[in-house]
Amino acid sequence: MEIESLSENKSLNEECGIFGVWNVPDAAQLTFYGLHALQHRGQEGAGIVSNNNGQLWQERGLGLLSKVFADPQKLANLTGKAAIGHVRYATAGSNGVENIQPFMVNFNDMQVALGHNGNITNAKTLRKQLEDEGAIFQSSSDTEILLHLIRRSKKATFEEQLKEALNQVRGGFAFLLMTPDGIYGALDPHGFRPFVIGKLADDSYVFASETAALNAINAEFVRDVEPGELVKIDDHGMKIDHYTDNTELAIDSMEYVYFARPDSTICGVNVHQARERMGKNLAKEKPVAADIVVGVPNSSLSATLGYSQQSGIPNEMGLIKNQYIARTFIEPTQERREKAVRMKLSAVSSVLQDQRVVLVDDSIVRGTTSKYIIQMLREAGAKEVHVRIASPAFKYPSFYGVDMQTSKELIAANFTKDEIKAKIGADSLEYLSTDGLIAAIDLKHRGAGTGLTTAYFDGNYPSPVYDYEKEVANQAVTFQPELKN
Amino acid sequence: MEIESLSENKSLNEECGIFGVWNVPDAAQLTFYGLHALQHRGQEGAGIVSNNNGQLWQERGLGLLSKVFADPQKLANLTGKAAIGHVRYATAGSNGVENIQPFMVNFNDMQVALGHNGNITNAKTLRKQLEDEGAIFQSSSDTEILLHLIRRSKKATFEEQLKEALNQVRGGFAFLLMTPDGIYGALDPHGFRPFVIGKLADDSYVFASETAALNAINAEFVRDVEPGELVKIDDHGMKIDHYTDNTELAIDSMEYVYFARPDSTICGVNVHQARERMGKNLAKEKPVAADIVVGVPNSSLSATLGYSQQSGIPNEMGLIKNQYIARTFIEPTQERREKAVRMKLSAVSSVLQDQRVVLVDDSIVRGTTSKYIIQMLREAGAKEVHVRIASPAFKYPSFYGVDMQTSKELIAANFTKDEIKAKIGADSLEYLSTDGLIAAIDLKHRGAGTGLTTAYFDGNYPSPVYDYEKEVANQAVTFQPELKN
Amino acid sequence: MEIESLSENKSLNEECGIFGVWNVPDAAQLTFYGLHALQHRGQEGAGIVSNNNGQLWQERGLGLLSKVFADPQKLANLTGKAAIGHVRYATAGSNGVENIQPFMVNFNDMQVALGHNGNITNAKTLRKQLEDEGAIFQSSSDTEILLHLIRRSKKATFEEQLKEALNQVRGGFAFLLMTPDGIYGALDPHGFRPFVIGKLADDSYVFASETAALNAINAEFVRDVEPGELVKIDDHGMKIDHYTDNTELAIDSMEYVYFARPDSTICGVNVHQARERMGKNLAKEKPVAADIVVGVPNSSLSATLGYSQQSGIPNEMGLIKNQYIARTFIEPTQERREKAVRMKLSAVSSVLQDQRVVLVDDSIVRGTTSKYIIQMLREAGAKEVHVRIASPAFKYPSFYGVDMQTSKELIAANFTKDEIKAKIGADSLEYLSTDGLIAAIDLKHRGAGTGLTTAYFDGNYPSPVYDYEKEVANQAVTFQPELKN
Amino acid sequence: MEIESLSENKSLNEECGIFGVWNVPDAAQLTFYGLHALQHRGQEGAGIVSNNNGQLWQERGLGLLSKVFADPQKLANLTGKAAIGHVRYATAGSNGVENIQPFMVNFNDMQVALGHNGNITNAKTLRKQLEDEGAIFQSSSDTEILLHLIRRSKKATFEEQLKEALNQVRGGFAFLLMTPDGIYGALDPHGFRPFVIGKLADDSYVFASETAALNAINAEFVRDVEPGELVKIDDHGMKIDHYTDNTELAIDSMEYVYFARPDSTICGVNVHQARERMGKNLAKEKPVAADIVVGVPNSSLSATLGYSQQSGIPNEMGLIKNQYIARTFIEPTQERREKAVRMKLSAVSSVLQDQRVVLVDDSIVRGTTSKYIIQMLREAGAKEVHVRIASPAFKYPSFYGVDMQTSKELIAANFTKDEIKAKIGADSLEYLSTDGLIAAIDLKHRGAGTGLTTAYFDGNYPSPVYDYEKEVANQAVTFQPELKN
């Protein structure tokens, strides 16, 4: 038996959330609250490391935060005025407690804790190289690599060592490190993942994966961490530095489409509003004659609002989500997935009876959930079900921090739109165009390019993918050249 | 430290959900799924009793279903083709495992299991009387009373004993009993609580507190249990009988306003649609000039939709709910409540900035949550906040199955509308009228009266309240005479 | 998988230990320590009820004390200056938490907590009778009966009601009750089970199943509770009363042979010394030419000492017991039992090599353990193994508080001594005579009779066995007439 | 609150037990049973790594084996026909789960698991050196060092790398390693810790810290691992090799005195019999006029037997040990220690009354336990208490695998015999002489020297102590020169 992750049927998982705070009483408690606001980014493990006058303390475990810290003593153990924390989505085969972050290492001269959100594309190569030089890895996680690179640097200071290490790793990463005297945040040169700085008081700063975590602890938003930056927070306040100048913003567009919380703002664009515009653009591009618009709760509700506003078709609550997370029990996978959908979602017959329904969803990955939802809508009386997806068809894998590293399971990579329509049992199926997506997010204030990674949809990768090249070997993809360091 | 119930800040708690099924393989698993769909009716304890060829087996524990049945062995222990289950909201001082239902008693000649949703208004009197005759109570729950009454009956059959017992208890109750050879469902003469019958196959029937639980297991809705009925499900199918003819429908209106799931249908009226109409009527009765309508998720979203549709003011997602339930830690209660609100809800500044907001909520009980929400909206930039409550002011306590048995904590019982407006920091505050509520629910197909209990709002109780009379002693209330048995 | 009780292979289980204390700070903690000293009397459940100024609080659970009270909050919840506690051996089919004692019932006019060590022989009859009068039983335990009898009494005071109830039950019982104002201890008219009173200070008294529990908390031994007595401890000190005058001491001889701790003293006779004398008498009655005496740890070590002293054959440590209790895993029962013996005991080859061994054990019940032990001794090099049992052959069941209510599993009831010798693989097998046992315990200071129940060995029951008559129907047993009340 | 280790009051803790098995079905289960027999060597953590066709699987946790593997799924997860396991005593400040062994590391070309019993005396130096070269340590344990040394070796094969690594570490160690294709056992050049090889079948071998673990799983003893040896068990059977020729047996004498199980045999000498001879020698060296000999259970019972046999004074059971392990609760340390002693031991008054007692104990470390025991004996009536210690006075710390690395807490290092006698309240106090100890263990069949480390008693260390030199700086100690590699 397994705990169902909320996104099991979606099979599209963010790989982590990070949070850190400096100079505040009850730092570990604040970190708990901050991580709670980031729980949607990782539900399979959590940890917090606190810093009590230079001594680091660690607690971590498998499962949701509320499970890991069920014993209040655990948070109480984490004394001190600074802390960093991590919520983790565990990829297959890596679900041991040794992989739960933040990692903490004890050098003879210092302690370091490290949390990571992202994916290092040259990890295998670096790991092999480090092992050949005698390095030992205890986790199966890529994150450990950074520690080895730091430690092997011949530079004089920790900060210089860290910069050297950051210049050796490739891919998507937001790193959060804590040493006895400060917290460091670093973002990859493309800024694939969101990462922000907040402020609780003049001398008390916060790092978080999303602004929603700042709100949760009543911290004021200061600014995004920019691509290539290395930001330090310590008793002297915040110091913004950079380990490379050669950067080009390319945020993962799926953060706007699906991952991030609607109340978060990334690079100045509120996620809810971006989704609403995706819905509007979708209605413009792919109209349909229908009686009601129904969104798949909760991630599609913003796009649904937009579709309804633009189309004038009333937005009705035809699907209800159970607010309690539960397990299904051991049974054949097919049946289990269907049961999982039924436990999470319920169709409202009195709303759906005899209606022509526009079903708005944010994305289709495997298509399984869509099939069950459409089936439920029809059982509840829907006359027609027109599926409108508020993002383009998902055809290419991601290597910058999302657990979807092969196109094998992507239904849109393997079937035509018509085939998918038939498979999921829809009366019609349409997607938002990539241009419509880019326009909805609208990062043009950020420079010449789109500021986005849209490789999922168009196969145009903003950088080489190194160790993953064989995964995209036979597909029509393009790689932008590596940014020079 | 306490687990936060979802409704802690509301301080208005349903007292239970019940579910039972006869003649189906994996009856306990189906009961688990059914109870999961009823988890919103009780989060502090759960239990299931199964029936394996006449032998009853029991598992129960404190906390959410997912905790009580965390060890898969527990469900596996519950063998057999029939089961009943219960989710419980524990009132203060009664949180021991001995109070978790279903209760199971072993007589020398039979076993009986019993689950209850409701509140018996003459419980103290009956209990004293029974104890004076030598009865021993192990729980502090009223539910045990029914077992004693059955057992003391001199009637010849269990069914007759049960009927005699049902005629002795007063108040609101939906009882679910299982004996070795069948399941019995009984509803009080006013039908205060929802209670329905479903069907899985020709010889397999289901009882549930709400239709949402039928959907969850793919059962077909058959009919509501009617006031005064005693329904038996056994190997001969379903037999509908009644223990009294003297009935008058008076469903607790708060089921439509707040408790029940929007996808449930009670007495032929879908809850979501009733709420939508409450929102429409509210918009008609209490319009206001504003830029956006924002609902308090999730319970107010239907009414918000209605308010927006009727008023033409756009419905915007200005408040986001965290889908993960978490605890707050030991701290002064005031601060803790505020933190709990912040952990559950988050305001979206980009939506709210400089807007005149209509904030739609389903009800105000203590007013604390409203205050924090309005504060959050203003911090997020809202220019004006006009509170519109989709039910009348909550002034009188309930004694038929809701944990609100005193008017002391009811803000509307103690302050004027203007005072409340000031306390919660709103720019304006208005409620739906009782007539508007009755019209929105619209049970006129059910007979001459309203079919509803609206005592919370108008102090007109559909029956005497027996042992609770002192709680309403100094208030202007009326009691309808007891229905004759 | 099951937790192995220490005595699983012996299949002879004491049914409980009780402990109570009045007027001392941290009463619940002292009760925990007292019960810990009685843990050998019951390992499958434990509970404590405390009394804080007349308000009773309860905690109970399945497993060893250390598990039930693993969360320190549980003991901390049990505030107050008085407490009673219970450790339970759960008989088959009765292992739910609803059977864990002390039971606590809430009457409208008082609370009562009750713990019981023993077995009521007319329980079925009384239970049926009570149920016919409308009583409801929630546990499958006999103990609940006393509460019903008390409650149905028409006497004026609780004490009189209790006396009346005590006169209705038959069999073996030591009852411990706590009401808001005192603790009551009562012993059956034959005094089958040990039960003592201790003193911590002038106004602070203690009840316990064995004197070992008094030692554990540094209490002074005052006196045994005598057969037929009802002793009350309250703010006025200790009051000794009796509910019947018609008594005749008949302590269960197995308390001396096997159940009680060697450091306990029962009716003035130290258990270790009694066992030592059993070993001496055994050596006199059943000598054998051998090189070393080896005892089965730990229960046989005293008798082994006696056998060695009397015979002059050196006592050697040929068997070692693992001090950690562990489980075996799911495997065929035969193999599992053998593994359980190997996990508990280990033979010392260098001691046993080429030796003629006298193996002293306190008793043989099913014979399984003996077989494995002898096999281990031989594998370790023993040349001859002469089994000497320091009690008579165990042929008849017990009904006064020991879990051995049928002779089916008693090897000596079903096979001759020679057959048993062959089955267990011994070179010779001899038992202590019943006279030898009686002389070793030596209660002649207590009156004319032996003061002992030796029914296990001679089938002479000191009282009728009521509801159990069919269990001994075809055996040559005698029942002493019931003592008149 | 803390779980009391059995030896808390002794403050003398073995640092681990190791066990491994190759080529047997249910290897993890056998390892569980083997570790159970070694539980006395470490109670604060346990782990098992299994090998299923070259893939290693790990489970580990804090606490006793029965707690770590409470969920049967955990053992079930450990599939495969080979396994190694470890029970750990956690030294102060190192009680995180990251320190629980076996450690398991994933190299890109292989997996290695490692368990260790002992203490590396040049660990700090090696660790600093390795860190300076870039190594990262995640545990605070010394054990990790070996993995780094192996990995940094430039030798061609794993076996050669391991040999090179073994030649770099100093101190006491028994290492157990598992790779995909075999299990390796290695012992330090002095053989400080016991380590044996057993056999289950022709192609199935076992490693264990003590022979008791072989008995537990019915394995045949093959031979001791000898100092300087590296033994490999794989599909080709057992291969005995050595990484150094320069060895000199110097087993830690405390293994015979206190640590090892009495049923174990180390270097051909049974522990129980060695202890019995210590008791005999003690009786010869330090006779006293007394009525009874009483041993402190359980560790002193063998020596007590010897003392009694030699002196002719009867061995009586004056102290009883509670077989259940329990906790004491938060209270001032002094009181808590006294309570812990009372919970574990109980004095038998009827045995002790008016007796002149020889109290035999195996050793005195801090003296606290002795004080409380003597007090208990006197309260129980003992007229005189003559303490006889079956080992010499414990004056110097150990650095080869026992948690006693400072002489600060050693009562005999800080007080004269007369002072100690007074502190513990004895009538007389005498120790066994070092010669008496050596003669009792009697390893002369093993070569010219004593074969023993007696540094605790005489300050003569068989090797330099490297990083610990300052701990013995001001004491009159001698170090034997390092054996040349």
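Residue numbering begins at 1 within each chain, and the chains themselves are lettered A, B, C and D in the order written.
Just so it is clear, a contact is a pair of C-beta atoms (placed from the backbone, for glycine too) under 8 Å apart; a residue touches a chain by one contact, two chains touch by 3 or more.
A quick note: this is a predicted structure, and the numbers were derived from the prediction, not measured.
Asker: Taking each chain's centre as the mean of its C-alpha atoms, which one ends up farthest from the centre of subunit A?
Answerer: Centroid comparison gives C as the farthest chain from subunit A.
Asker: Taking the mean of the CA coordinates per chain, how far is subunit B from subunit C in Å?
Answerer: Spacing between the chain centres: roughly 49 Å.
Asker: With chain centres taken as the means of their Cα atoms, state the distance from subunit A to subunit B in Å.
Answerer: That gives a centre separation of 37 Å.
Asker: If you average the CA atoms of subunit A and of subunit C, how many Å lie between those two points?
Answerer: Chain centres of subunit A and subunit C, defined by C-alpha means, are spaced 61 Å apart.
Asker: So which stretches of subunit A touch two or more other chains?
Answerer: Correct list: empty.
Asker: If each chain is a dot and touching chains are joined, what shape do you get: line, ring, star, complete or other?
Answerer: Contact map by chain: ring.
Asker: Inside the complex, what are the residues of subunit B that reach subunit C?
Answerer: On the subunit B side, the touching residues are 58, 96-98, 103-109, 124, 127-128, 131, 133-138, 140, 144, 147-148, 151-152.
Asker: Which positions of subunit B touch subunit A when the two form their complex?
Answerer: 1, 6, 29, 32-33, 36-37, 39-40, 64-66, 72, 75, 212, 215-218, 261-263, 265, 270, 272-273, 298, 301-302, 305, 309, 314-317, 320, 322-327, 329-330, 339, 342-343, 346-351
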